[in-house]
């Protein structure tokens, strides 16, 4: 708004990234959101205190708590903890610094109806984009392009969020397979493999490149990446360069197709900038409240950098006719004509998720208990 | 002796190397060193963080000193730390009760698991003559695998299969701390005690004397009536126990949960510490503190100078290498026999 | 077929590393820095390629790096008579940290990759062609490495000398072989292969650089040198089996996800087992009774492995 | 074509292995090189063959001086050496052993090598399986292989260092035949040995070394006692020894056979308290195995070892120690002392004190006492490797219990100067007076005769004679040691 207060000259904020800030994925998306904030609010260049690779493998000697301490000591008046992995740490830190507003992206600690609600942490808010839609689009693009009818999803670890995203991609794929490709939905193959973490920690997670190889080996021709880094697109790009009819859909970061443009069908990405600007503005105006925000795309222009929380950019790999269908699909989603979380839908184990005509609530979607019927892959540890 | 004489020269060379590296990294050397120092000791919190890293490091190093004196390359220490953490986590997860009960149990559990894990390479070495380096490395990976298995399997958070770790332990199982200080006096106490014990053991006790005898010349030791194999096994077990306590500190004192990379690399770093200390117990603690300071302080490099913190490891490694090689040159120029690692007064 | 082809391709880096270390150890030198060397050469290789735009430059840079490290191991072990294990271990950690540090700016960058190239004619052979001859030069190189090394050690004069030096240096000396020169040569050549391994990862297998990109590869290689009994052919076979195993592990995930990580460590258990068996008296007896079988049953470590030799 | 050595010096630390050696050998000559253990024979031969470099001195062959000392150069000049322990590569095939080190192209010419090997072998009546592993060969066959290889490499001077230790009689016969054939082919053959009758049977001329110097040259044949005197010096027999009455058996072996391969020892023997038994024989004839068996250090194949009334065969080493057995090995720093540990620490290791902590004060005083009592040149803090050989020996003896039941010593005075040697024996005889039974191995005939009550002579792993020292003469011993049982 125009009545926004000016940011004080010495305003600083902390940005805690789980991966490398230049990972072409999740962490870079947050990092660039930070830069966007600095630019939008006209903050000094050094206003953002960044620490990347904050995870037990890369920084055994540091904990989220101590990083927050350091950032506060360094003058940060607001903290962004940008990974689901940081739950324990950021909640502890929020308790220790009740006067410092913090955002835990992708979390649910501020959702009054949520399972993880922490009423006591009035300084810890959550922001998440409704990536479901972008993943539906991704699934659709995959289904529109696939020749073998076998789609693969490179999953990170298993939790509510990741199950939610896999389900969405699957729903999008099945819809387009049925309605645009006019195929029997039961003929669509959709397999997910989990590497065990948001990105590859050799020795501890599966090697995403290896998993991608296995996907291709088993006949899948579109690999949808759900992890923070770009192994899938890189590996598929190699195969594509070797004249194989295979494509990939990276994740998280708008520029992720760059790794192998020709083999890229497009990328569903987060655009954290606008929401972070709002959050910080509220801090500057001293109006911060610990709220849980789950922000959808700006359906007028899902790629508007100043309004849309999530987006989709199509890649060179997508054929003209496919992108025509895709635009139609996107329009349908936007207008609400296409509602994919509507029953009948069953969980993977056959139990009922949504009865005929029933529409899923945010709660049901967010806390996806299982993968959906028709998806091959593990729903949980056991 | 020899190392003492080489120390100044080596330090000069090492500093030179570090400066070169810093320049290569486009960092103002003096500024960088100051930032690291402040980052490690600038505030009480930072001092706490440094001691938090020092604790497992010095525990591992103290244990390694025993195995080195016995002529063993216990590279498997990483796995022994991980196993210790698993043992501690097991205790923390399964035992309900006040800190006074649970904390000692976690420490014992860690020590026992670590020692047990160390007995495997000991057994392979004494019974099958399998070199401890290879069995050790292998077992470290196996231990890590077991940790990951527990984290995403039996001990996983409900509905979650993430290598980000198990649920937080019940705070009563945490190593107790004072105020906002993260370093636990219990952990630090354990570390100090361990160093003191090893010092006494290796320098003062008949046991230590025999360990050194076995490490230097097993055949002579046998002739003198020392049951050499038993001493090798004992050395492994002790190192394993100390490593296990290090793992406990990592799990219940630092992460407060079990994570895959629980060892934090302090085992390998411990080897560097012992090598740099020239196998002398007295030097373990200060050198470990120095390394921990570099480790922790380097976070400030990222925060303040935008320099990647892995510079810490570069400095540590370069330091030891340069000291080793300078020492080698001195022996070489003194035209003496081969330098056998494992020698040098304890 | 796709699967087998994938396994073959994925084995290439490991094969380079194991073959390199085999040559080094055959001459009696242990290069324990392998894991760090590979990582650093992978990083440097990628950086050089990304900056110059040429894969060749990348490989050359990678080789140069790991040869330098091997040179330090050889020099401090042979000339300074330092403990090869100690120096190798320190170099392992140092090289690893150097890779993390100097590699940071290159994380996530895209650079040139080894171009795919089906071997004319050969790739048309039904099964075999697809599995072995539809890759790229980096992968074919690993075949060449195995064949060449196997041939070098078994058939050439220099190869025989290398083995002699690692087996009984004083006897080699008595035969007029320049023991320490050969050891330097073998260590450097081995180092070159290790560099290839690194580059094969960052310029082909996992094109790109990310911290810990190659972690454990070096330790696995060191293990497989023993596992493969210091025999290039068996060593290569072990690598293929290992990669196959990993693939199977991946397939297992759907049933029991939590076991995958455990399975990936299986080769290490196998190695311990192998070492144990090789050292049992009964096994020695068998090996002694059937000398013909020995090369297949068990490789023996070069007798003088890790020792120094100084003619008075 | 003759080989000329001038003023060869080679020192190992304080040891003068070669101390100004001159030697001249004509083509076609079979030249014997005799000398006691440690006389410097092997060292000299290693110098000639370029295996080690002399400190000073010159070597001429065929009128031309040999340049830099390296086996390569020596071989190029046609000088080849067969080492005391044949330098073959056990895991390699016979053929590869044969070819290794030979010049040639890039590839190993196995085809050509095979035929050359067959041809050479045929020429000297040897018989090899080219594809067998060298480890499957007997010592004799390994020698044959090396000889064949050296000749094939064009050796004109063939040096053999104690080639007859550990080879069978037929092999020896064959070897000698070949050597004569070579001499007939105008080669120079240098034959290093202790075995008189072999040298007499084979050689034209003989050079005798002692303590690194040449002490005599002889044209053969020459009276044997003459050679014996040259080798072992004039021996004044029957040194004055306090008579002690022998007690009951301290050690008795019945049908003892060693299990360690390579040392097929068989022994039946009884040693009584207060008795001194000397073990004579060439090195590697079984004395060491015998001592280690009695000490409980080597596994017993069969038989009984009764010490102090109990059969300890197959019992752990600890039991032997408790029974009062003490063994002092020849390799003082290798298998007796611990380099890097101080004198005081050595005493602590064997000391009776069982407290957990080491009482440094007490340790140092104890060490001081012992150092004084055994007149060791060094302080309590001196590390073992810093002691001279003699003082290392004193330390080893100082670590022994005062009155062991059985004291086993290997070369008790090797490398010791006369004074130390005398001192060592005074100590031993004193404990003998205290009822200790002493068994010692030595290659010094004088020592054996002077201090033993009885002398057991070992030959190729067997005790071929046990004679009263009083009846032993140096020549009769020399014969027995050479395996000649009259």
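Each chain carries a letter (A, B, C and D) given by its place in the written order, and its residues are counted from 1.
The rule is short, and it goes like this: a residue touches a chain if its C-beta (ideal position, glycine included) is under 8 Å from a C-beta of that chain, and two chains touch if they have at least 3 such contacts.
Quick caveat: nothing in here was measured; it's all calculated off a predicted structure.
Asker: Comparing the two chain pairs, does B-D have more C-beta contacts than A-C, or is it the other way round?
Answerer: A-C
Asker: Hey, how far is the Cα centre of chain A from the one of chain C, in Å?
Answerer: Inter-chain centre distance comes to 39 Å.
Asker: What is the distance, in whole Å, between the centres of chain A and chain D, each centre taken as the mean of its C-alpha atoms?
Answerer: 79
Asker: Taking the mean of the CA coordinates per chain, how far is chain B from chain D in Å?
Answerer: Comparing mean C-alpha positions, chain D is 48 Å from chain B.
Asker: Please work out the Cα centroid separation of chain C and chain D, and write it as a whole number of Å.
Answerer: That gives a centre separation of 44 Å.
Asker: Of all residues in chain C, which are in touch with two or more distinct other chains?
Answerer: 104, 211, 216, 257-258, 261, 264
Asker: Please set out, as single numbers or ranges, the residues of chain D touching at least two other chains.
Answerer: none
Asker: Among the residues of chain B, which ones contact at least 2 other chains?
Answerer: 141, 144, 148, 152-153, 156, 161
Asker: Pairwise, which chains touch?
Answerer: Applying the touch rule to all chain pairs gives A-B, A-C, B-C, B-D, C-D.
Asker: Using the touch definition up top, name the residues of chain B that touch chain A in the complex.
Answerer: For this pair, the touching residues of chain B are 43, 45, 49, 52-53, 141, 144, 148, 152-153, 156, 159-165, 168, 180, 182, 254-257, 259-266, 292, 295-296, 299-300, 302-304, 309.
Asker: Considering the complex alone, what residue numbers of chain C touch chain A?
Answerer: 2-3, 5-6, 9-10, 104-105, 107-110, 113, 115-116, 134, 204-208, 210-216, 246-247, 250-251, 253-254, 256-258, 260-261, 264
Asker: Show me the residue ranges of chain A that touch chain C in the complex, using the header's touch definition.
Answerer: 20, 22-25, 28, 53, 57-58, 158, 193-194, 196, 200-207, 209-211, 213-214, 216-219, 229-231, 234-235, 238, 241-242, 258-260, 376-378, 381-382
Asker: Tell me, which parts of chain A touch chain B in their complex?
Answerer: So the residues of chain A in touch with chain B come to 49-52, 55-57, 59-63, 65-67, 69-71, 73-74, 84-85, 88, 96, 157-160, 194, 196-197, 201, 203-205, 369, 378, 380-382.
Asker: In the complex of these two chains, what residues of chain B are touching chain C?
Answerer: Within the complex, chain B touches chain C at residues 24-25, 73, 75, 124, 128-131, 133-135, 137-139, 141-142, 144-146, 148-149, 152-154, 156, 161, 268-269, 271-272, 275, 308, 310-314, 316-318, 320-321, 324-325, 327-329, 331-332, 337-341.
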